[in-house]
Amino acid sequence: MPPNPPLTAQSSKKGLPPGTLVHIGRRKREKTTATVIDYSAEKCEERELPSAADAAKYKSDSTVSWINVIGLHDTESIASMGKTFDLHPLLLEDIVNSTQRPKLQEFDACLFVTVRLFYFDVKSASLESEQVSLVLGKGYVLSFQEDARDVFDPVRAAIRQGKGKLRGAGADFLLYQLLDVLIDSYFDVLENIGYAIESLEEDLLKRPAPSVLSRIHKLRREMIIIRKAVWPLREVLSAMDRLDNAFIEKKTHLYLRDAYDHTIQLMDNVETFRDMLAVMVDQYLSLASNRMNEVMKVLTVIATIFMPLTFLVGVYGMNFDFMPELSSPYGYPAVWAVCILIAAGMVVYFRKKEWL
Amino acid sequence: MPPNPPLTAQSSKKGLPPGTLVHIGRRKREKTTATVIDYSAEKCEERELPSAADAAKYKSDSTVSWINVIGLHDTESIASMGKTFDLHPLLLEDIVNSTQRPKLQEFDACLFVTVRLFYFDVKSASLESEQVSLVLGKGYVLSFQEDARDVFDPVRAAIRQGKGKLRGAGADFLLYQLLDVLIDSYFDVLENIGYAIESLEEDLLKRPAPSVLSRIHKLRREMIIIRKAVWPLREVLSAMDRLDNAFIEKKTHLYLRDAYDHTIQLMDNVETFRDMLAVMVDQYLSLASNRMNEVMKVLTVIATIFMPLTFLVGVYGMNFDFMPELSSPYGYPAVWAVCILIAAGMVVYFRKKEWL
Amino acid sequence: MPPNPPLTAQSSKKGLPPGTLVHIGRRKREKTTATVIDYSAEKCEERELPSAADAAKYKSDSTVSWINVIGLHDTESIASMGKTFDLHPLLLEDIVNSTQRPKLQEFDACLFVTVRLFYFDVKSASLESEQVSLVLGKGYVLSFQEDARDVFDPVRAAIRQGKGKLRGAGADFLLYQLLDVLIDSYFDVLENIGYAIESLEEDLLKRPAPSVLSRIHKLRREMIIIRKAVWPLREVLSAMDRLDNAFIEKKTHLYLRDAYDHTIQLMDNVETFRDMLAVMVDQYLSLASNRMNEVMKVLTVIATIFMPLTFLVGVYGMNFDFMPELSSPYGYPAVWAVCILIAAGMVVYFRKKEWL
Amino acid sequence: MPPNPPLTAQSSKKGLPPGTLVHIGRRKREKTTATVIDYSAEKCEERELPSAADAAKYKSDSTVSWINVIGLHDTESIASMGKTFDLHPLLLEDIVNSTQRPKLQEFDACLFVTVRLFYFDVKSASLESEQVSLVLGKGYVLSFQEDARDVFDPVRAAIRQGKGKLRGAGADFLLYQLLDVLIDSYFDVLENIGYAIESLEEDLLKRPAPSVLSRIHKLRREMIIIRKAVWPLREVLSAMDRLDNAFIEKKTHLYLRDAYDHTIQLMDNVETFRDMLAVMVDQYLSLASNRMNEVMKVLTVIATIFMPLTFLVGVYGMNFDFMPELSSPYGYPAVWAVCILIAAGMVVYFRKKEWL
Amino acid sequence: MPPNPPLTAQSSKKGLPPGTLVHIGRRKREKTTATVIDYSAEKCEERELPSAADAAKYKSDSTVSWINVIGLHDTESIASMGKTFDLHPLLLEDIVNSTQRPKLQEFDACLFVTVRLFYFDVKSASLESEQVSLVLGKGYVLSFQEDARDVFDPVRAAIRQGKGKLRGAGADFLLYQLLDVLIDSYFDVLENIGYAIESLEEDLLKRPAPSVLSRIHKLRREMIIIRKAVWPLREVLSAMDRLDNAFIEKKTHLYLRDAYDHTIQLMDNVETFRDMLAVMVDQYLSLASNRMNEVMKVLTVIATIFMPLTFLVGVYGMNFDFMPELSSPYGYPAVWAVCILIAAGMVVYFRKKEWL
């Protein structure tokens, strides 16, 4: 496989009988690790899970359990985790195929959400992403990440400190909180891209170098990628808000609706950035065409002034025996006078035409 | 934070536990001030509110009370105002986050509307905006502004003078009136942009300088920003018209429908301006390409006339011992004749080709 | 107010308390005049109405009455006419605000339709428009125009002559007929624009001058304006066809459906013209780029032929003491031969490259 | 009327009272002729109809009658045919107005379909069209064409030979068959345009002359025209499939659904061709810009080599008394050596820059 | 028929009476061959079918039978296969017309699906396709291919090995599996195109030759073709999921829904690739325009430096009797000094303008 797999990378699955669990995506972590946070209004307990079997007891207890699984390459661990929680084979396939489109799927025993998470590196203006899958069951939330990033830390802090509504609420509210911090991370990314666009705008007006254009094009390509993730994210939240089942309590819907509004705002920002970058490309091209025009004018002015003059002095460089002007004492100064007159006339003409 | 925060600016909230009230936006005012207008068909009383507690009595009385809060940075004041009127935490978050998308939200105790307000400075053709949040409860309207501008003055005047239907109607009609003057302010902005477009059109035809193009691009960017606010504003009015609850009386719906029609008209104007600006960019580019063509033609005409002539006089500047033409008395006039013939032929040729 | 008000012109209303009747638009007529045509299957009577009070008797009689009001600047006359027919204040506001978007509105006592009417001046290819408002009540139709144009004359003729179904039918059929001639006038305008496009196409192929392009851009801008009026017109007819109330008789719906089909055809034509004009701009630009290419080739051919020759004759114009060629009797003819060979070689080369 | 009427041509109707039957379109035939094919499972009879009155007997008999009327300019014949079959005046107006948008209309006594028929001339790549109107009644189908083309011949052959289901089925199946051959004729046209596009593609890659571009633009304009006809055709078939009335038997719906699928396929092909032509325009423009670049490089290389050389030989053409180089015997060969060195250096430089 | 039939190729059917079975498409195979795999949970049998009559027994037995027919040119074999399984004539027409749009059709006796299958040759970046038709009846699936490619091999392997759910499930699950491997083959194609795009991106940044652009345009055209197939494929899966009939068991719907999600992901990828290719064209054009600018600058710098110098030395090449500078011993060095000053000044000027 080349170092940089393209947008769709399913070929590793090619020819295998359907239903085989294969990790599709970059191998970010060799080993899969899992941690659990088990909490209720009164208590809160955190520990590592050595194996999927240890997770079994969290499935049915009365507290809310959040099991965070990191690393998707070890498909056996994922499969045994799936067996512990009775997850549908299609769901497991979607978890390990990290090129999934964000989506929401209802199963009998659980609700499955998969979304894409972005990281924007401000310095290199480069975009990275990973897939995050969330499973909501009765009293538990499973989260699957390709790599351990700190995106969920504010939720962990809120559970530990017992601040906000989280400790008193159910697993559905935990799912909402996880989605909410995910959506907040989109705003972070867009904010940074917004700064990048502003700095590009300044550079564009100051000095429209080709490098500015290639940075604009890079951002345009990244907006295409983000847009591809945000659009279905909106659908996920919208579908979740319309869900009418036992997994989501009624009072959580108000929060989901708020998160949905945020995804619409994300879409708006993405579209606005796309429009702005398109305007900036137009601006660059017209600035470049203006500069080209300037160059052409300089060339034309120089050529138009000196070509007639060179012709004129060429005339009096001819070696004809009979050239009366050559013997006149006023000949030489007259040529200079004519040259200066022609040059001055041209300059006046170009001034009038606003080329100079 | 940089002086010019981009379109999305949520990073100040990053890492904080969900539910914390943080002002997002430019700090336009340090202190939060509040005024109340309390009126019924018979009486009308205006005063400043030193603290949120003073507002409590306006919550339940039989008159219509309009409390106008200016300045969003002092989140504690906002929070205590929220406590006084039993506002939902999500609602308060939306009020202080001044990068909200315009939206309408129904709560049990109130109706929440947030819209964006624009100011267009004609001279610099620059656009400013602030967020205005409106809360409609039983018998009261709360309005939250980032800065004290005069947009609501006509409504204040109408209440004081007792003109129109306002004094006799309920709080829902006050909300309609506030939205109506907000929408009217959009028409003001668009009208000014319309004038700017017309003046640009004239400049474009008179003298298509690069500065005209950058003014066009600036307007295009501003139309992107306005469009982002008008589109959801239309949805707000449409949703409000479809509302079927106790907050909005039946007879007010006819007025809301009218306001909705105005937002559609706004959308139409925005789209028309966008289309026109796009046509103007096309026009500029083709004018620029025409000018480039002119420049190239001048260069080509000059070069095509003088290059052969320069060659010819170069020939007779050669120092060969044996050049019969040099000793002929007709040589020199003949060269001049040939030169004039060549030049004249070229001019005729370019006339025919319509280059001259 | 500047001579040429932009698309939205509401600023004259700025700051006035809501509900004040203000004429928005160009003052086309100072005075408001009204005429009435009162007819039934048997009789038909036409007269001028000195004042709105005189119109009162036409409100309730058994005949169909068509009151045509011309001139919107005299808002007092409009207001008293509104009082006579119990028109809602919002309706009156829409009549005098002549920048309305075409729309249909149902009131308890009447049906209100406002549309835009276009005039296309073939010679100058310029587009003018005015707003026409129509009110359908029980047994009467009110029509409000900014200026007296002849668009409704065919309907007047049909009433007078008693041809067609008009005399035997109700006020709803009169409304349909008025809308039908309005829609026909759109076809007139589009037909003339179609001729303009065809003549532009011919000019474009014959001689693609910059003036052709600016005429194309002018038509593009006018199509934007027309499109902005036709699109909501389609909605008006569609809404009218779906109306299920007492104002429109069942048998009229077949005609309304026909008129609706015509508006769709209008939309199709508008979109087709837009697409064609876009193709024409593309065509112009590629023709311009072809011409530029031609110019560049001429320049390059001339320069490429004469620059080496000028260098060559320059060589033998040098004044070195020791230049053996100069004393040879074959030197001069040899230079000429080399020059001709170089020039011929270049010509052959450019022929092969298809530059000549 | 100009020789080439534009897309909309309703002006001949201008000012006439509504309901007057006027032929709108090019007068393709002066006289209107009609033929009838009357058939059942057992028998099949064909004959000319001298007048509309002769058609009356086919209206009510038990066989299926197909009356084909050719030529729309003789509106009186059309009117009397309309009277014979009780056709609604609006329907007759649509038949003679040959600029109709394809549509389906239900009347009490019949079903009315109007579609557009295209002919593509392969040699000139020019597109012609005519309007075909079809009326389905109980036991009869009327078809109205502007000109006698052979599009319906396969159906005539199928009736005569008694092949297929046609002879045993009702008038609705005949209508389906007529529409089916019409749709097949669209596929013919698109197939020919497909060949034209392929040949253009080859020409584009072989030798991108301006004539290729104008052929591309011609096809683009023709696709706009075809698209305008295919899009509503799809709606016609879709509406016909959804019809729930006595005119169309249940078993015919499967066939209509199939025809509908074909219209969707038509749309797909039209859109694909449009996209491909757009890509080809892009390709042409970038090829043209490449060629321009080549021309500019040749010019620049020539000028950059010869301008310094011409200056150098100019230096030694000066007539100063004191120029030590002139008297040196190595002066002349040295100048040549310097010239060759400069030229060679330039060539190496341009090779490195990949201009040569 | 030309070697390369265009997108629509129905002309071979022209003039034939409707209902005639004609193969439309390239004759990939002369003979039609058929194989059957007959399986249940317990047993699995594979054999060739010499004739359609042999297929009859698989129609009604209790096992699941998958009959794979390869080669569509021998329409008689197809017709007799159709007779054996009571297939509707319209269905048979669609099978042999290999230019069908992907679609799903319900018949009384069976469900008919036709899709397009793509093969992408990585080396030549060329795209091939064939049509695959699938018929689902009670206990059997018929598949029709134009050519024998290995796309269905994983399903054959899964049946033979008895892995997965296939052996225990019904014919509907077999249909799902066939569609699933078809959809997987789309991902393969898109993955390869993704690699092609990435390699193009690298080439574009390294050395933007015209060949890169024509490869981009080729991919753009291929994306148009793929998009035309993927869009209706999505509709097919969506319609199949909504089907409420006896052919598809309830538990299969979860799998169909999953396949539907994959088609949406396909669409997303296709659109993303289209957007990216559009950005790349923009990038190429701006790079080309930058290079042109460079060329022009070189030309202008050279001309601007040497034209004045050539004029200057031309002056002192004149043969006037009275030219005082000529006799001065400092004349010649002075001219050189002035030349070097002018050249240096120009270089400094162009450095400041950032042209050098």
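For clarity, chains are labelled A, B, C, D and E in written order, and residue numbers in each chain start from 1.
One rule holds for everything that comes next: a contact is a pair of C-beta atoms (placed from the backbone, for glycine too) under 8 Å apart; a residue touches a chain by one contact, two chains touch by 3 or more.
All values reported here derive from a predicted model rather than from experimental measurement.
The rotation that brings the Cα trace of subunit A onto that of subunit C spans 145°, given to the nearest 5. Judged by shared residue numbers over all numbers used at their interface, subunit B and subunit C contact each other through mostly different positions, with under half in common.
Each chain gets one centre point, the mean of its Cα atoms, and the points for subunit B and subunit D are 42 Å apart. Each chain gets a centre from the mean of its Cα atoms; for subunit D and subunit E, those two points are 26 Å apart. Looking at subunit B, one finds that residues 289, 292, 296, 299, 303, 307, 310, 314, 317-319, 323 touch two or more other chains. If the chains shown are joined wherever they touch, the resulting network closes on itself as one ring, and no chain has more or fewer than two partners.
Each chain touches its neighbours in a single ring, whose members, counted from subunit B through subunit C onward, are B, C, D, E, A.
Per the touch definition, subunit D reaches subunit E in the complex via residues 153-155, 157-158, 161, 163-166, 177, 180-181, 184, 187-188, 190-191, 194-195, 197-198, 205, 254-255, 257-258, 261, 264-265, 268-269, 271-273, 275-276, 279, 282-283, 286-287, 289-290, 292-293, 296-297, 299-300, 303-304, 307-308, 310-311, 314-315, 317-323, 355.
Within the complex, the subunit D residues that touch subunit C are 2, 4, 6-11, 13-19, 88, 90, 99-101, 103, 105, 210, 213-214, 217, 220-221, 224-225, 228, 232, 281, 284-285, 288-289, 291-292, 295-296, 298-299, 302-303, 306-307, 309-310, 313-314, 316-319, 323, 325-329, 331-332, 335-336.
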